[in-house]
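Everything on this sheet refers to the single structure shown next.
Labels run A, B, C and D following the written order; every chain starts at residue 1.
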Amino acid sequence: SQNIGIISRAFRHQFIIPEFQSFSKEIEEIYWKCKDNTDGKVASYIPQLARMSPNYWGVSICTIDGQKFSIGDVNVPFTLQSCSKPLTYAIALDQLGADAVHAYVGQEPSGRNFNELILDHNKKPHNPMINAGAILVCALLKTLVKPEMTLAEKFDFTMKNFERLAGGEDFGFNNAVFLSEREAADRNYALGFYMREHKCFPLKTSFRECMDFYFQCCSMEANCDTVAVMAATLANAGICPLTEEKVLGPESVRDVLSLMHSCGMYDYSGQFAFKVGLPAKSGVCGGMLVVIPNVMGICTWSPGLDNLGNSCRGVQFCEELVKKFNFHRYDNLTHASNKTDP
Amino acid sequence: SQNIGIISRAFRHQFIIPEFQSFSKEIEEIYWKCKDNTDGKVASYIPQLARMSPNYWGVSICTIDGQKFSIGDVNVPFTLQSCSKPLTYAIALDQLGADAVHAYVGQEPSGRNFNELILDHNKKPHNPMINAGAILVCALLKTLVKPEMTLAEKFDFTMKNFERLAGGEDFGFNNAVFLSEREAADRNYALGFYMREHKCFPLKTSFRECMDFYFQCCSMEANCDTVAVMAATLANAGICPLTEEKVLGPESVRDVLSLMHSCGMYDYSGQFAFKVGLPAKSGVCGGMLVVIPNVMGICTWSPGLDNLGNSCRGVQFCEELVKKFNFHRYDNLTHASNKTDP
Amino acid sequence: SQNIGIISRAFRHQFIIPEFQSFSKEIEEIYWKCKDNTDGKVASYIPQLARMSPNYWGVSICTIDGQKFSIGDVNVPFTLQSCSKPLTYAIALDQLGADAVHAYVGQEPSGRNFNELILDHNKKPHNPMINAGAILVCALLKTLVKPEMTLAEKFDFTMKNFERLAGGEDFGFNNAVFLSEREAADRNYALGFYMREHKCFPLKTSFRECMDFYFQCCSMEANCDTVAVMAATLANAGICPLTEEKVLGPESVRDVLSLMHSCGMYDYSGQFAFKVGLPAKSGVCGGMLVVIPNVMGICTWSPGLDNLGNSCRGVQFCEELVKKFNFHRYDNLTHASNKTDP
Amino acid sequence: SQNIGIISRAFRHQFIIPEFQSFSKEIEEIYWKCKDNTDGKVASYIPQLARMSPNYWGVSICTIDGQKFSIGDVNVPFTLQSCSKPLTYAIALDQLGADAVHAYVGQEPSGRNFNELILDHNKKPHNPMINAGAILVCALLKTLVKPEMTLAEKFDFTMKNFERLAGGEDFGFNNAVFLSEREAADRNYALGFYMREHKCFPLKTSFRECMDFYFQCCSMEANCDTVAVMAATLANAGICPLTEEKVLGPESVRDVLSLMHSCGMYDYSGQFAFKVGLPAKSGVCGGMLVVIPNVMGICTWSPGLDNLGNSCRGVQFCEELVKKFNFHRYDNLTHASNKTDP
């Protein structure tokens, strides 16, 4: 039943990527090209991540009309880590509105050399895509959205929303990662205490629960296929292409994409916006959630990270993709002669 | 003869804004709404700018298929000031290629609290939209593009390129502004000497000529109508909608738009990208060059500036515009229900 | 028996301040002058400090040959707070040597605008007089000095050393302050976690115990009279003027005085070094430990703090003192005509 | 006639260093020890400095009662460079008073990582020992002290004052260095323009003349012997030990020594204050002016510089000196058993 939309469109021959098979072929070529890239090192600050094989490499695609293509290790579960940041931000925006959220967290890149510990000129964390901002977004979700919920209920609520974004696909929870993250989180506790000192949190925040909730969001588990559907939901203004459920409002999605565009790739964000020009969010798990608005969502996953913390293969994949296709935000739709419009 | 394109399209009823008259009506409404905004102060560091009346207010629009609409003080000439930065950057990209240009200047926002005097982590100015970067772009144009040209010839060459971007419209040069700028330019000389100390300039740069050339570019004079055509040329991948001349390559335009998006509005750039989501460049003259890729170029002009240096009416105009129309980069084309798709 | 030294010197008429009575008279005058100063606010981040009366004002003096003078509220106990920093640093130097200590903590002022959260260019806290450095010094005392001691034993060991510095005077411990400090310590936890992230602590440090130990040192309790003797011990190269016990080596004392000189007065340190030119350490308790090397130790106490955290009356007292007497480090001993050499 | 003081004291056997011959012997030993140190590189930003032989090594001493000892290349003239900074600051203090001077320039170290280009939190240069501050001090001397003087007269006035500090010894002026400095001064012009932008200069400052005056002060020429007498005048509260002329007031000297103590050795200042504990000022010429208050002045000169810009042999000399003698500001006069009190 969830595929009614796609079938009806298939009959009408109105797909956003009309020649999906040949497009998939091109994706496959880029996939193999990137597979040769063995740069990067697996994150090692907790054993559960350190044990990941650097050989894993998967790419999943889901268009806004529900066409899908996958290749490689697309069914191996990984913890979302920072890939969860745009998702919790999206839920917070949808539940509380942009004004309420941004009373607590900024909307701007922090500047590459800026120590993340420092708040912005308004004494707020710079944006929801960096740790400080994401911790604060978790505090908002925990404290301001349905405050009567226990931590367990709020965890459940959030996971359910993640699953709705993914078209109903089940999410896992990696408790070993959660416990390890919580143990190894010197920087995050430093950020948390620093923000508490500066009264960044909403009143009545339980600091301990909020930190735990943040680590729990990072420890949710999914695979490439599932995350690509979430990306497609963002590409489709918040309506899941598989279920046609409106999970998020278009304004929330617009704000999420804006900040993924400018702040989603750690200290490579500025370069990525310039070269690739697509909203994306990476995580130390090696995953990347990439959105081509009005067209498709992509998830790439490979645990080898460059020294800025982004997946080496994932970044290369995106760069090859925009070399081939007119997906850069500022590619011209009609005049960029040497690129393909799929 | 330069209007062949528009006439032929008119016959074919294929305009990008099919209902241009009703669209113009909406623009006019926003125009009057913003006219009530008397916030801001006229730039006062040189007398020529200080004498400008804060009442001036003009808006010009030019679509990528050459439809035009203007209202207000659209024929009063003003000096381009920082509105020239994306233009000299575009010419440098087109003449030298992105790699050569970006060997000297970065591609990232500097971060709001970052003192502009400081170079980025590669010892380059952060981007071509801030003074340090624009001075360096002028040095590239002067030293690496046709180095045999005298300063007078290079000035001429640049003005000719500006005119081609504007569909052949004549540009003026305000010598009084040039002389005043050069006199009042403590900060720019500080930046220049600081960069020279750090060997940021290409070999054989004549420092004095390069500074003069920079002040000359800032002192070129045009009006709203003319600048809107330049913006439209950028919206149209470098092909002037009036003359159909290919003035810039699409790759150059993509890079210009990327950096206008992230760095074009001084310290408001992050907020502007978030709220408005359009590539724009403002100047202390009160002008704003705004690009809606694949749709139209806009120029607004009103000398009253907010405390970050952007035109108060210009910023308000853009915010009203994206409230009404689905022009934000991350507005969804089909699902943003309460916005109009013109 | 502990006064043998002073008595024998009294017989020999060889005191460092020969006319001690008339000197005391001058001190009393300055005391009353400063009493009129009702500027400043009592520290309020924990209730135990907030309840302190701003009227308290005491000054105690102890020369290196054991002459003493006290006036005002010199017997009211207060918690040492940051006045403990030079003392724990001194003990660490004496136990471990300067090289071992400064392998973990720097020796330089941090610069006034520098956020204390940031480590210096060697990834060490800037110096032992600021919170980050003092936390690390506590970690060294706890982890490297007699590591077999329990926390209780180490507390006892430290208090005993404080008492030896004070000529055998008993110290108290304010447990309510300790518990409140620990509760209110967002910034200190942020600093601690940040340093743990950057591996600043010695191996085997128990983070929790080290933080507790730091708060305990801040919560030790003494009065003006007692602290003045500690200052005199520092003025006397580590030999207590009352007991003639060598508590610290002269090299340790030299290093402590050097850093009190440059870093002891929070963000006023530079100004204080310039204007007063004496090693001093202030605390939010309102106490100030001031050393006139080779002459005397002074303790002033008044809870009203200026906006940099120093006691208003204490700072004024020092400034009046060096106006009157040639105590500034760079006062000339023979040619500064309008100052008194007591 | 200028030696009346020393002769009369000689008859009275009251020298500050009673055993001057054996003391000189020890200095000679340290001299030869440091001669082996061939670390460091000669400054190379202008040819006149680059041509200096790294082998030059001279040490001159002058006590406050006029006893002198010299060894090595003590008669070779070198340009003062930054060694002139405490001297111009001293003259400005004496002519204008500390309040007037410090209305324009701060009194605190800038913090090691702080970019010198940035002004302090009061929008003043941090202190008179760094370039920005010294440029401003020159502007004060030029603009506020006898403003009717031409630049030539002011140069003469300053040189005369330098000569009085040096007991009447003639100073040279190296015009080739002056011209080269002015040519190579990107950083200093950047600093100057930056300060002019921020209105740091006194009203009516002629920017160009003030910069020239600064370069002229740096280009005055003397030798080790002469500079040691200047240092001795500072050690003696402003009274030249050779002529017994009161050249500076004791308050001015106190302020100069305070800032030499905290800021005189570039980014090594904090370390130097901690380890050596003596007021000193180094310059890229390889000279160091060192003051032991109430005892003697020292000048060392060797062109090989470490990577912070201080003379390698000069720094080593000072460190050896305080290892041997109780000259560290916080050495105890009576209890530091393993050091000699000459």
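Just so we're on the same page, a residue touches a chain if its C-beta (ideal position, glycine included) is under 8 Å from a C-beta of that chain, and two chains touch if they have at least 3 such contacts.
Keep in mind it's a predicted model, so treat the numbers as computed, not measured.
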- line: Chain centres computed over CA atoms; the one at greatest distance from chain B is chain C
Field: Chain centre separation (chain A, chain D; CA means) in Å
entry: 59
Chain centre separation in whole Å, for chain D relative to chain C (CA means): 33
- line: Rounded to the nearest Å, the gap between Cα centres of chain B and chain D is 51
Statement: Residues of chain A that touch two or more other chains sit at none
Task: State which pairs of chains touch, listing all of them.
output: A-B, A-C, B-D, C-D
Partner chain B, residues of chain D touching it in the complex: 115, 117-118, 186-187, 189-194, 196-197
- line: The residues of chain C that touch chain D in their complex are 106-114, 120-121, 236-239, 250-251, 253-255, 257-259, 261-262, 269-271, 273-274, 277, 279, 293-294, 328-337
